[in-house]
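Heads up, the next two complexes both have chain A, just with different partners, chain B and then chain C.
On to the complex of A and B.
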């Protein structure tokens, strides 16, 4: 389990994913939404590199388009959840008192249900008439953001509280530094350093969540290519054309494995020792297990 | 010990109340005019303002939100979850039919995850070495990264389509449960196998294991009698967390294999704007998650003599 030598190999799917997502329009050979009834359910050929689906849409272009859909949604959700989480967590940790109690209760409530269940429930709420002005795609981004911020908030608060106890904060205060100065110059860099690393590891879980929502028919609406939705469409033809299921499934799995390995590599090597415990802190038990994994890994090295 | 437990139980209850209040506020107030929705379902698009107003009045939808929450809470405590906007049946009836399906899935998946993780983890620990370590790490990583629905699709391709052993859709006898249960067991099982392996490895390096070897026990005996009890706490806590996450697997699998459980009801409620049904399922989920966590805490306290002693002192 030496990741020091591995990352470039294991990161390849994640890097390809980002590259394909960014340059999707250049890589597509066909319009992923265009249906061609003269070329339905074809195998791979020079015209259609990966074949076509039940509506004659080019599978390669849909895979490429799906990468872009996931990448863009993931980026929006990660950035938004990170900002919301850092703001709420920092306010709770820095201000303290009643504000902290209220915000922590809010975080605890948000963590009482799995993020994906919250996202599903919010998709339900957004289906109401008051939200008709939002497109399905943005409903999904909003729902995932609101389901995803709590972990970042809890992490940010923990870092703020830990940093506030350091002597240099007191020193800065004695020298007459304002709260704003202390927070932005001394505390925020610590918070961001940790949270950004965690976010890069969290990307895999988010790609999975986006695909799961679409799989359940509650994410990206049909003409837009998306891997989870391609997979569920392909299920109807699974007996004769398993490719329609296997190709998007493999793409998705490769990306998630890659991001998860990235997270593991970060957790084991890149993060300052003092903060490592919090990095993995989704569930107490998982965290403990990872801590012990680290002990044994370091013991071997 | 008892005071500790009562405190935890009290906090859990508060969390349940707060979480249901928040979901109630979101699900019943945010989406828009539920009365108009009901009128539309009853009378088609031609529902007039008078009818909508009457329905809102009958259901007490004009009352302030806290009043409605307290009323809803009272109803829920007596087992009355309201009437589904989608099916028109009382939700308690839906639950009576559907909870057994989801419970069977979770029980089957939980048992499989238990056997799979203990088997794999113990195998990794008995064949101590880099090879076993790598295999285990690989299996755990892939098991924890493959989407539920892709696992299910692959299982269907191999066992239902390819080999034709098991039905791939609906419920036809006990074999129908195999693929869904295996699907949802893979993720928690993979995470747990890693927990077993890592904690066993750590325990085997501790002094009590050395003592065991010194007393003349062989590797297997030390593993089972000295090391195994030490993984109980991390195993139980991780199992609890993973067991609650299995509900997501159940939601996916119920849709994929056409099982009429709570997860399927939840998804249908979301798609058909059945806000009453959504609130009922979310309440069920909150109660389930919070009580599993509470139960896990309690079991951990009961199992670990160190925790017990610490409380008593």
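On to the complex of A and C.
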């Protein structure tokens, strides 16, 4: 196996996760919530591909349903945290002065504690009766969003401050470009370029955070299938039916590792070719043509 | 330089792994005179007036005047006889003669009076009826005391069997401020040492009662249930189990039973009850309560989640609790009857959902795995069963703090409760969970109403022959009003290593088993 192929290999679980999550209703062979007390704790069979759990529910359908649960929650949290983070970070970096000081302090406070601890505290706040109008699922999404935005805000501000010092921004100002134009046309693409890459690496951590909250009994409410919940429920049966723990554990591990390696690959620029886009391909082709031209000129000389 | 082949490395590793198990084997075989019992949390300093140490460890060190025997029979402890005055306002005790504390101090009327006055009449202990009604203690001889009360306390004798603070401490074991300095009692065992990992007890050779056949108990702190089971298998522990000592799950008990361990299970003394919020408009509808009551398959829960180590019940207390009342047959799950109850109450709809006055039949089921381990799985089963009836059940899974905040404020439609069990019941749970005027803090109430209060208070104040009828009045009221939904009584489960012989369950799950045991 060539090392250069590694990124594609490690991406596979993440891609499968996204595929399974998107097409879950088509892939589930049973209703993941339906209990059958006559078929509890069965091994794999043609009727139940991965067997059944302690309430006779189909394990395959629950794993597939769990992927969808995590994927949807992860997508919502990432998009929401990214929007909040980019807006706050960009305003801080672009406006500067007192606004920047206040927002930076806010970001520092949010970053002072681990995101999961903040999410746990927020889940405690949201579990009061005043928040009964929100389902447990959306409480979790909201808590994770409010715990996750700060890192994106910090990065966004750093990029905005760096870009503002570039000569082309000054040139745009001299030419009479508005703040909105400068920000949206010149700065925001740089911010998004960096933040989106980091967000892709964060996806694994988020899937793990969702599972952790459910593992602690604070995340997704039954009967919605969720991997963390399946793990903790399977713990009582680990001696005789380890597949109740191993299967969701493996799924979770594969997805988290895959997203983490994806993030690392981005950081080390071992990005799979297809992900680099046409622009990079075109640039590489141009450079190759230049090299060839140079070689040919040197050869003629 | 010599080279090691891969095979040699693997062989060496295997040999090393095997040798590393030898100390365990040696340890397992070297505890002939020591009983090793698992405890889930450290014992602490066993201060009798502080709510800190684990309850189970007090019973082996300290004695009470009266002990709680099997089935709730009151047995003589440090008192050999007792007489309640006709007006119920005084109780005379004959104290056991010749008893000494393990530090040599004598136990007599003066010592007993000093001990009782440490908590009787003290505000912190007003939850104990006899402490709340306390007036004075008189000594009428070296071994006679009389406790005088401001009002009759029918449960007084039962209250004297509880674990803390009613037991007796050596007067020499307190500091200048009267604070307990060391755990010195008259019990069969003496605390040799305690730490976060274990508490070591040695036999009190001067104990007044039956002398244990072995000289030492090691209470090993093993918080994880699987680790406890594995230690029992490995011979590093002799006994595990007991809800208040080191809980053993039904699933694990089944597994251990198949591996040669002795499993001892008996009907428990605490009932798991589904409480309907008395403040929820939805649950004030009797038809909704009836539908929940009839829509749950208690036998399936007992079988699927408790492996048969639980007994379905619709009564507030099991028969293992004194004056538990007349038994009601556990109804089979009846979806049609549940739906008929809803229809009769004015709800319209069916299995896909019910509405009344524009409101959907949707209930909030408050669950905390942290407060009540295993409750989420029971809730999942109940959710599926009630969904079939046509309910929409939203499970709110919260942490312990939130549960303790929401439950006393009745911020739920359904939630789990459990009665206290022996030796506190029936008076403990009835007073705490069904009387609106008693403050039970974060525990909340199973059900309260203005009509129910006088019925329960009358039962709590009844004594003698009237007591049983008064208690039955409470049970009938609750049953007729469908005010609570008892589910099942979990059995008391213990697992014992084959080297331990003569194991029988202690009277309550607050007791550590040692009586009658012999070690192989």
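In this section, the second predicted complex is superposed on the first by the 265 of 301 C-alpha atoms of A that agree within 3 Å, B and C clash if a C-alpha of one lies under 4 Å from a C-alpha of the other, contacts with A are read in each partner's own complex, and residues count from 1 in each chain.
The rule is short, and it goes like this: contacts are C-beta pairs under 8 Å (C-beta built on N, C-alpha and C of every residue); 3 or more make two chains touch, one makes a residue touch a chain.
Source: prediction; values computed, not measured.
> Chain B or chain C: which reaches more residues on chain A?
Comparing chain B with chain C, the partner touching more chain A residues is B.
> Pick one for A:239: touches chain B only (first), chain C only (second), both, or neither.
After superposing on A, A:239 lies in contact with both chain B and chain C.
> Have a look at where A:33 lands relative to chain B and chain C in the superposition and call it first, second, both or neither.
A:33: touches chain C, not chain B.
> Which partner does A:50 reach: the first (chain B), the second (chain C), both, or neither?
Once the two structures are laid over each other on A, A:50 reaches no partner at all.
> Thinking of the overlay built on chain A, is A:129 touched by chain B (first), by chain C (second), by both, or by neither?
both
> Considering only the touch criterion stated at the top, classify A:223 as touching first (chain B), second (chain C), both, or neither.
It touches chain C, and chain B stays clear.
> Determine, under the contact definition given at the top, whether A:105 touches first (chain B), second (chain C), both, or neither.
first
> Under the stated touch criterion, which partner chain does A:252 make contact with: chain B (first), chain C (second), both, or neither?
first
> Where on chain A do the contacts from chain B and from chain C line up?
The answer is residues 123-124, 127-129, 216-218, 232, 238-239 of chain A.
> Considering the complex alone, what residue numbers of chain C touch chain A?
Answer in residue numbers: 226, 249, 251-252, 255, 300, 303-305, 364, 367-370, 374, 376-377, 379-381, 383-384, 394-399, 401-402, 405-406, 409, 411.
> Quick one: which bits of chain A touch chain B in the complex? Just the residue numbers, please.
Per the touch definition, chain A meets chain B at residues 1, 105, 108-109, 112-114, 116-117, 120-131, 204, 208, 211-212, 215-218, 228, 231-232, 234-235, 238-239, 242, 245-246, 249, 252-253, 256-257, 260-261, 283-286, 288-289, 292-293, 295-296, 299.
> Residue numbers of chain B touching chain A in their complex, please.
15, 18-19, 22-23, 26-27, 30-33, 36, 133-134, 137, 141-142, 144-150, 153-154, 156-157, 161, 191, 194-195, 198-199, 201-202, 205, 234, 237-238, 240-241, 244-245, 247-248, 251-252, 255-256, 266-267, 269-271, 273, 275, 278, 282, 285-286, 289-290
> Which of the residues in chain A end up touching chain C in this complex?
Those residues of chain A that touch chain C are 33-35, 37, 40, 54-55, 123-124, 127-129, 132, 135-136, 216-219, 221-223, 232-233, 236-240.
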